[in-house]
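After this come two complexes, each holding subunit A, first together with subunit B and then together with subunit C.
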Partner chain A sequence: MKKKILLVEDEKALCLLYEEELSREGYDITAVTDAETALAKLVKTAFDLIITDIRMPGKNGIELITQIMGMRKDIPIIINSAYQSYKEDFMTWAADAYVVKSASLDELKAKIKELLGD
Partner chain B sequence: MSELRKDLVSGRWVIIATERSKRPDDFRPPVPAAPAAEAVGFCPFCEGNEGKTPPEVFSLRTTGTAPDSPGWTVRVVPNKFPALTPGPPSPRAAQGVFQSMEGRGVHEVVIENPNHAFELSDLPVGHIRDVLRVFQLRIRGIEQDLHYQYVQIFKNKGKEAGASLSHPHSQIVATPIIPKRVKEEIYGADRLFRTFKECAFCRILREEEAAGTRLIAKNEHFTAFAPYASRFPFEMAIYPRRHSAFFTDVREDELETLAETLKHVLTRLKDTVGDPPFNLVLHQAPNPSLSLKGWPDIHLKSHWHVEIIPILTKVAGFEWGTGFYINPVPPETAAQFLRQP
Partner chain C sequence: MIEKYSILSPGFERDAPRELVLLSIISQSFFQPFSLEDNILVILTALTSGSGVGFNRAMLFLKDGDRLKGEMWLGPRSAEEAGMIWEVLSTPGIGYVEIVEHNRALVSKNEDTLSARLKGLIYAADDENALIPASAACRKEILLVRQASGEPLVDRRFLNVIGVEEFLCIPLLARDDVVGEIILDNAITRTPITPADVKLAGICGLMAGNYIYSATLHRKLLDMEKMAAMGEMAMFVTHQIRNPIVAIGGFTDQLLKPDVPEDKKVRNLTIIRDEIRRLEYIIFQMGHFLKVSLKEPVYFDPGPAIAAVLGSPEVQAKARGYSLNVKLEPCLPEILCDPTSFGEVLRNLLDNAFEATPAGGAVSLRGYRKNSSAFVLSVRDTGRGMTNPDKGQLFTPFFTTKEKGMGLGLPFTKRVMDTCGGKIEVQSRAGKGALFKLIFLSREREPTS
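So, the complex of A and B:
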């Protein structure tokens, strides 16, 4: 069965790109553009992994992952941000990996495989 | 009229703005800000969340408990997303006139206690001593690798001081070069040693103890005072009364007294200006295992000490442009309030 990934990314163009690239890798991708929708999806679906941006309108990615910790501590989370500076926030430790956005998704794909044990 | 004062070792000037002089109550925050971790109910440093940190490099824990599980009292973990990564640094590469090197180094977090709500000053003296002992052990461990020329221990308390998490913690960063500010302190101490024929810090200590106007606390092993050229309101320094360049040389009985001193001054700071954010910085000599060319007698000239900088004012354009600082609370006034029980 396909592994389910929840992608939280406010830029719709990036959502489409990630969906296309990661679906090609054999994952079932659910893309949402804000944290509140992500939390609602998490209640209904047992995702295997979450990828989240940090800077988003409304609740930011760090607030989202810390809230997820109150629901499910075991779900692997990858922070995918364009900014290195958020690494200084120790609340990012709630995530399992921090991948800086890049034109290539190779690092992100490798991290997904590592965390899902593929 | 305001007064210009010069810091003896660094040569830095400050403006003590007496006409802007403020009282401790002027700095009390109206309402303490709610820390993010409490708001969301999760903290990666809390007991039970060990799985969210990288494997511990050291811990003090109850006998029979396994690493990376509950049962610890002080825990040291590498930074999960470090700015510097361990390993030997590559030779410096030049791009035209610009130099660079790989970001090698050590970055560890010392989680001071398992309880999110207990600040360092809330802990029993014995526990604070344990935290200090862990600092010593980690410095010794890191300094065995000669690639690390300087080990910096520091604590950021409160958001305005740079802490992203309110769970009490300190940080250890080891760098493959001796930082510029550390070198400036060594150069200053070296210059003054030639003038005074003794350690400049020992001289400062003797004069502060004799004057008494800036003293905050004094015991058998340590003296806490508001430095003569304090840059910030309620800035404090703790000097060991026994000359020593390296924090790792502090004896067990001295560690206990240092813990008492820290608890006392941090509690006094809290009582005086209402639990302000602060930075605590340990100053010490570089890795003693290095061949410190040019500083063969650094152990005579350098003098480890603790600096505590409450964040009560903002550093702005004038400070960045000139290196001058404007302090609206004379250190004599600060010491007077901090001394009062």
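So, the complex of A and C:
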């Protein structure tokens, strides 16, 4: 069965790109553009992994992670941000991996494989 | 009974003791929005004007790293010039601001002669065995030199430049640091320098040293603030640019794979083009914010400018679907602002209000007199409002709560309002909309015949 990934990314073009590229890798992708929708999806579906941006309108990625930790501690989380500097913020350390956005998705794909034990 | 006095008293009595006049001139000049150079000129002026200490000429060396460099030399070049200058300066009613203006012209005129000759003089600032004049600064001592040509401790090159036998060296000290040195003489009148002159010039040197020290620190602080803002900007630009670059790179990679269907090619190319346009927009906005230099504010009638902004196609397009309510007092006063920046500021505020308000909501613009010299222009929206932390950061460049915002509109508005002596006030609560008030200095229009 395909592994389920929840993608939280407010940039619509990036959402589409990640959705296509990760589906091609054999994952079942649910893409949402804000944290509130992500939390609603989490209640209904048992995801295997979450990828989230940090800077988003409304609730940001760090707030989202804090809330997820209260709900489901077992889901691995990857932070995917354009900001390198958030890596130094201890609030992001709760995530299992931190991947800075890049034109090549190789690092992100490798991290997903590692965390899902593929 | 309570009596109130103004902190500044520019019309200090001319017959007051010269110590008081001197302290008054120098301390009051530090309150003026003068530059460091102008304030140094005030100090030299106080030392050379008849109402101050009364030396004929004052020469300034400033410490630059580990060197003492000749910077400025104030005084007449000849007895004839001295006569003319002193006649101007003794005109009744002339204040220190006028004297500084006069001396600024004199210094720039002397660039070719006195100050230019002085600028060739550079000494080590920490040499225990330095010759005079540098030794006064190096050893932190006031030195009164008489019969200079017979004194082996005086630098000959300096003696050739100053051309007098008697002069006074005052080191400029702040805390434990030397910031410069002033050299005073009576080259024109040949009046001997008295112990009282030395004491007064010494006090002047202490004030000047502390002023130069704090002004230099202030400059350094401003530089550090600029650097911090640059760091913030670099971080923001990284984020803004990285997202489109990831999209462009990713969709280009897809195009380079074999057998891409035609419709996908078109879709990817469209996304790539849109992202490139976004990059262009980001660069334009950044350039606009960084380069725009504000013009001098002037009094003007804001009515036509407000009408032009409200009637512009961009604002008209954005106002569609909202209830825009405009209420301006009849016969608006003239306001103090740069008219071009004013238009931009108003458009920014209206843009923000429309973007914050859900479709169908109300946006209102009000213009009214706060009092006889202040006019308020306010923009109220009925949008999502702001939390206190968001309000605190509104004027920080690159802070934004908008999905596509650059966070430069309100910092620009603040800059415009600061430049014209106005104010911007914000009232908002989460979920309760926001009210932005621009408060301009204003004056009533002259009645037209």
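Operating definition for what follows: the second predicted complex is superposed on the first by the 118 of 118 C-alpha atoms of A that agree within 3 Å, B and C clash if a C-alpha of one lies under 4 Å from a C-alpha of the other, contacts with A are read in each partner's own complex, and residues count from 1 in each chain.
One rule holds for everything that comes next: a contact is a pair of C-beta atoms (placed from the backbone, for glycine too) under 8 Å apart; a residue touches a chain by one contact, two chains touch by 3 or more.
Remember, predicted model here, so these are calculated numbers, not experimental data.
Colleague: Is A:63 contacted by the first partner subunit B, the second partner subunit C, both or neither?
Modeller: first
Colleague: Looking at A:105 after the superposition, I want to know if it touches subunit B, subunit C, both of them or none. Which is it: first, second, both, neither?
Modeller: A:105 sits against subunit C, while subunit B stays out of touch.
Colleague: Considering only the touch criterion stated at the top, classify A:73 as touching first (subunit B), second (subunit C), both, or neither.
Modeller: first
Colleague: Tell me which touches more residues of subunit A here: subunit C or subunit B.
Modeller: The partner with more contacted residues on subunit A is C.
Colleague: Quick check for you: in the superposed arrangement, does A:87 touch first (subunit B), second (subunit C), both or neither?
Modeller: The answer is first: A:87 touches subunit B but not subunit C.
Colleague: Is there a shared patch on subunit A that both subunit B and subunit C touch, and which residues make it up?
Modeller: none
Colleague: Quick one: which bits of subunit B touch subunit A in the complex? Just the residue numbers, please.
Modeller: On the subunit B side, the touching residues are 36-37, 40-42, 44-45, 49, 51-53, 80-83, 109, 164-165, 169.
Colleague: State the interface residues of subunit A toward subunit B in the complex, per the touch definition above.
Modeller: 63, 66-67, 69-70, 73, 87-94, 98
Colleague: Quick check: in the complex, which residue numbers of subunit A touch subunit C?
Modeller: Listed in rising order, the residues are 10-11, 13-14, 16-17, 20-21, 55, 57, 82-85, 101-105.
Colleague: Considering only the defined contacts, which subunit C positions touch subunit A in the complex?
Modeller: Those in contact with subunit A are residues 235, 238-239, 242-251, 253-254, 271, 274-275, 401-403.
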